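Each of the two complexes below includes chain A, the first together with chain B, the second together with chain C.
Entry: the complex of A and B
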């Protein structure tokens, strides 16, 4: 590749990293506003999270528990940015040709594991319990999620997210996966898994502020907490984008041209916003599950729903 | 050259038995480097293509009228590259691990000799002889544990495996009238099926595939960690070496299929592999003993290799061999780490440990890296291996196996964190614990090296196994130095690593922008209570995955061990019944004799 092409690609990647961060923070602010309105409160302004992050990152007093604790900060931001850039976003492929859906699944574990390391190193028992809950939640929601993922993979005969997006955008909205009956079921299961991935109620068990003092982040303050907030914002964008790429054609409605790129970008933005609002509304209406209940919910009901779609797709494919 | 190596190893084993422990370790370390040097010498002198042709063996031993053929093949070269480096590392580790020399080094050298022999043997007789030598030398090492369960289970399963292998070899010899591995197996139908199936069963015992795994948790959790590092890292791979040899190099897959064409026998192996990956992972999550946890995690990770062999496409086998290579190294690191922890604290229960990371930072870093490899985090070579197996499963549309092994991969995060948090992080409970001795640290970091090299260059690993695959008539996967490409997708390691490093920059800017103060462990949020007042227990490691345990345990209860115990009890009852015949009264024995004579007379009259 020539130098100019390389430079343009790097610039695009940096732009998307910044866009992802800003969109995430904006959504979190809007989410707070929506929840407040559901609760019949006024709520903070929609830009509140920008203020929060700026304040936290510029705090003069920061307390660390040693170098392993600092890994949380370093790995959470870098890991989640890495994940975001390996996803196709609104028709822009970014780095998604160099990896696939399995890579994205495992990349998502880098920030989570870094975060867990930092939480563990703080030595607070609440943090340990919180991470335990987060990991059990992960084991729970991953089962329906990987089953739906495999259904998509064997249907499109690829594991690459870029290819899945491309095959769904051949015919515009009509060729999105969600328009097919087996994938409608799969999308339902995957959306429930997404709810757990986003750690929204009823699956906010890992942070559970009233039970275990915010769980893993109990010892985090100042720049550490600020970086975790950034992590959460970017993770929100990355996880909803993963869903959009899998089921909603990555938000691609038009091909070729600058105009198409802009329209696709805004369709993607609208879709992840809709998904986020959906999850916020579910969160505002349901109380928290206990961890065994969540595990049972995912491994019994959701897994069966996902398995039905997988079997359906399998029969379609081998015919 | 081979005869010199064999002779030297035997002499060294005898010498190390009599000298003091430090000197024994040094002798053993240098002697165990010899086979490795021989490997490198072969690679540079001969290449692989020539060696694999025919049976121009490098050495023939004439033993009691039988000829043992020994030669190196691409396959054995690859497996030797994975298993043999463990020996010098273990010797280095054991330099300060043992208080006195009670034969450990001598037995390890004999195991090395046997391993080397298994990998080199080119006929089934020498394969079996060296296999048995390896079995008894490792049995004597197990015997040092003085734990009845471990000793008995290892003995019984080893004997079972040996019989199964011998049975298979005898049938092959009878039908084929040749023991040479270079001859094509001219056998099919039922005898061929029985022979191959019993061979695979025999190897599956050492490869700890799930219904035959019952010995492993006992043995892995009771023996010296430096030996277990070889047992889990090296010996289990010999089981998979045998499977590869008979299934793919000797085309055993076709022989199996020739018996019943409508059943995919290979698929059965993949299912067993997937089930052992899944169940062993769930059991590992619930363990409290560090060594037991590692034992079950070992069974789970080895399951992936069985899945790869079971799927049987070149893609899957590439992944399986890659996984075998990784597993040899990361599991050795983890067992050696468990050894260090026990050496310094004398404890194995995770709930009694904690806070060792700041006391032994280098051990922690090596263990962390091994755990990243185990959990297949894409900054270690563990990811590429599992990725290849996943791709193969999707390519073949194996919809039952794929989700099971993916969820087992997620389960690996759970027990990984259990080790990290329970042993190394959390409350500091050991004030006067030091970093491990230098030789142990050196051993760990030697083992970390390949995991680091092959994450940057996964293509080099594929190059290494290419001759072995070609010798078995398979094409290598399309790859460059950094990237692997399949029909489904592409994985580019360098893109991941460079992007991660670049993404570190903003994180690092945030980290450096404001200063921080490092506080002691006691300065912690305890809802307003000062720590000094009550000194509460701060380590949430007892019964860690309790909610999961409550849900999962009822389904895991009737495990394979349960059925083996039933068989054991049945045999015990039967033996007791037989024993009753020997009453100890002379009258009874007289009646037996009379009855026997009457029977003979009656029988003679009848004919």
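Entry: the complex of A and C
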């Protein structure tokens, strides 16, 4: 019995990985199309990113820079897959425990560290600069994000993502966190943090192709770059899902039955798509910040906005 | 056994056909801008001619790129860098030489310091004639390259591996020449 349960879990894990990559690559392609339309261009077909990955994975030579370089990709992809397992997708969560809202924050840091390892092993100075910028970015967007998370935890009196989602889905759209005034401003801060997590403009400082030759990815080519694109696709899904779980009720609109699960899945898909389109539109209309500007933006303005919402929530709870 | 091998070969052929299909639809280029050719690249990439609709984007580093686009004349000094960039790229890789300077020296045909035929030093898959070629010409060349890749005719990288010694000999000849000239100048200064 245990073995069967294990097998089912592994099958679901593989399904998650496939869904994550497919949805992510599709979104990235659509994002490129949207950016092209904003630039008044025709743009590539929406399935362009699938072709890109297929091409990269079929390259004949793939230069490695030692075993740490190889391990870095494993680090990134396994870290982001583990994050995806802990996130409720349309209300369904594969792994859960008390305090997984904190755990997800830690797990989201693993891929960045993997990146740092790989870039360090490649020995390219551009990669070093890129990794340093990526770590500073992480430090800056995590402060407002953690404050908004704490506000949510205080309001719902829990540290479990599943409970946060469940509490928000009691009364449909009306009970979503984003409908409450303190969480409206918290959602703004969290969305800006999401922009940094997704490394879209104006926060694409770590990869900045025209400045530091795409930063940590500078020595990645062939199959390595292909797997990195897969990682990026899964990361896109995981990070937008985190926002949807925290503020938009995880996309849960119906409660019991198989039909409800399917509908919830598609609502979740629609919500993360909307979120991604929003971030792409911001990306298409703003130029890149410098690193100290981004740091100042997050720690001065976003952190204050998040703190206001935290205080507001605290007062609401005490009453 | 033979049948088995044949089966394997068939499968390999099919795979490589698929790989070529993917490869032709996503050509990432690194453009080595020497001389005046650089001017033609922004209109190709931006909203006027929009090369991205064919899957062509420019990449930041040679490691990530498939196509090396050389836009203009090459002095002996730049040729060294071009060869370095070319050897850093991951195969299958393609070279497009741009403008008449790379074909026969162009307006620098009698210069002591530029190379006249790029094909002697690295394998060129496609030339674009003209001084300067228009953006339409560049996009046309990319579409021609896609056709060549699809037919399996763009095999410059295999040629470079096969005749590596000859390419190296040609390269060494110009570089040695350059080194000798420098030494001569140094001697002259000493006198």
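To be clear about the criterion, the second predicted complex is superposed on the first by the 306 of 319 C-alpha atoms of A that agree within 3 Å, B and C clash if a C-alpha of one lies under 4 Å from a C-alpha of the other, contacts with A are read in each partner's own complex, and residues count from 1 in each chain.
As a convention for this text, a contact is a pair of C-beta atoms (placed from the backbone, for glycine too) under 8 Å apart; a residue touches a chain by one contact, two chains touch by 3 or more.
Remember, predicted model here, so these are calculated numbers, not experimental data.
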Once the two structures are overlaid on chain A, check if chain B and chain C clash or fit side by side. fit
Have a look and say if chain B or chain C is in touch with more residues of chain A. B
In the superposed arrangement, does A:271 touch chain B (first), chain C (second), both or neither? neither
Can A:85 be said to touch chain B (first), chain C (second), both, or neither? first
Now for A:60: first (chain B), second (chain C), both, or neither, which partner does it touch? both
With both complexes overlaid on chain A, does A:305 touch chain B (first), chain C (second), both or neither? neither
Applying the document's definition of touch, where does A:68 land relative to chain B and chain C: first, second, both, or neither? first
Figure out whether A:25 sits in contact with chain B (first) or chain C (second), or with both, or with neither. neither
In the superposed arrangement, which partner chain does A:217 touch: chain B (first), chain C (second), both, or neither? second
Return first, second, both or neither, reflecting whether A:248 touches chain B, chain C, both chains, or no partner chain. neither
In the superposition described above, what is the shortest C-alpha distance between chain B and chain C in Å? Please give a whole number. 5
Both chain B and chain C touch chain A; at which residues? 58-63, 213, 218-219, 222
Can you list the chain B residues touching chain A in their complex? 355, 357-358, 364, 368, 372, 375-379, 383, 387, 390-391, 394, 397, 399, 402-403, 406-407, 409-411, 413-414, 416-417, 420-421, 425-428, 483, 488-492, 495-496, 499-500, 503-504, 506-508, 510-511, 513-519, 521, 523-527, 537-541, 544-545, 547-548, 550-551
If you look only at chain C, which of its residues touch chain A in the complex? 15, 18-19, 22-23, 25-26, 28, 46-47, 50, 52-55, 59-61, 63-64, 66, 89-92
Which of the residues in chain A end up touching chain B in this complex? 13, 17, 57-66, 68, 70, 73-79, 81-82, 85-86, 95, 97-100, 102-103, 105-107, 109-110, 112-113, 116-117, 120-126, 128-129, 131-133, 135-136, 138-139, 142-143, 146-147, 150, 153-154, 157-160, 163, 213, 218-219, 222-223, 226-227, 290-292, 295-296, 310-311, 314, 317-318
Footprint of chain C on chain A - complex, ascending: 32, 36, 39-45, 48, 51-52, 54-55, 58-63, 209-210, 213-214, 217-222, 225
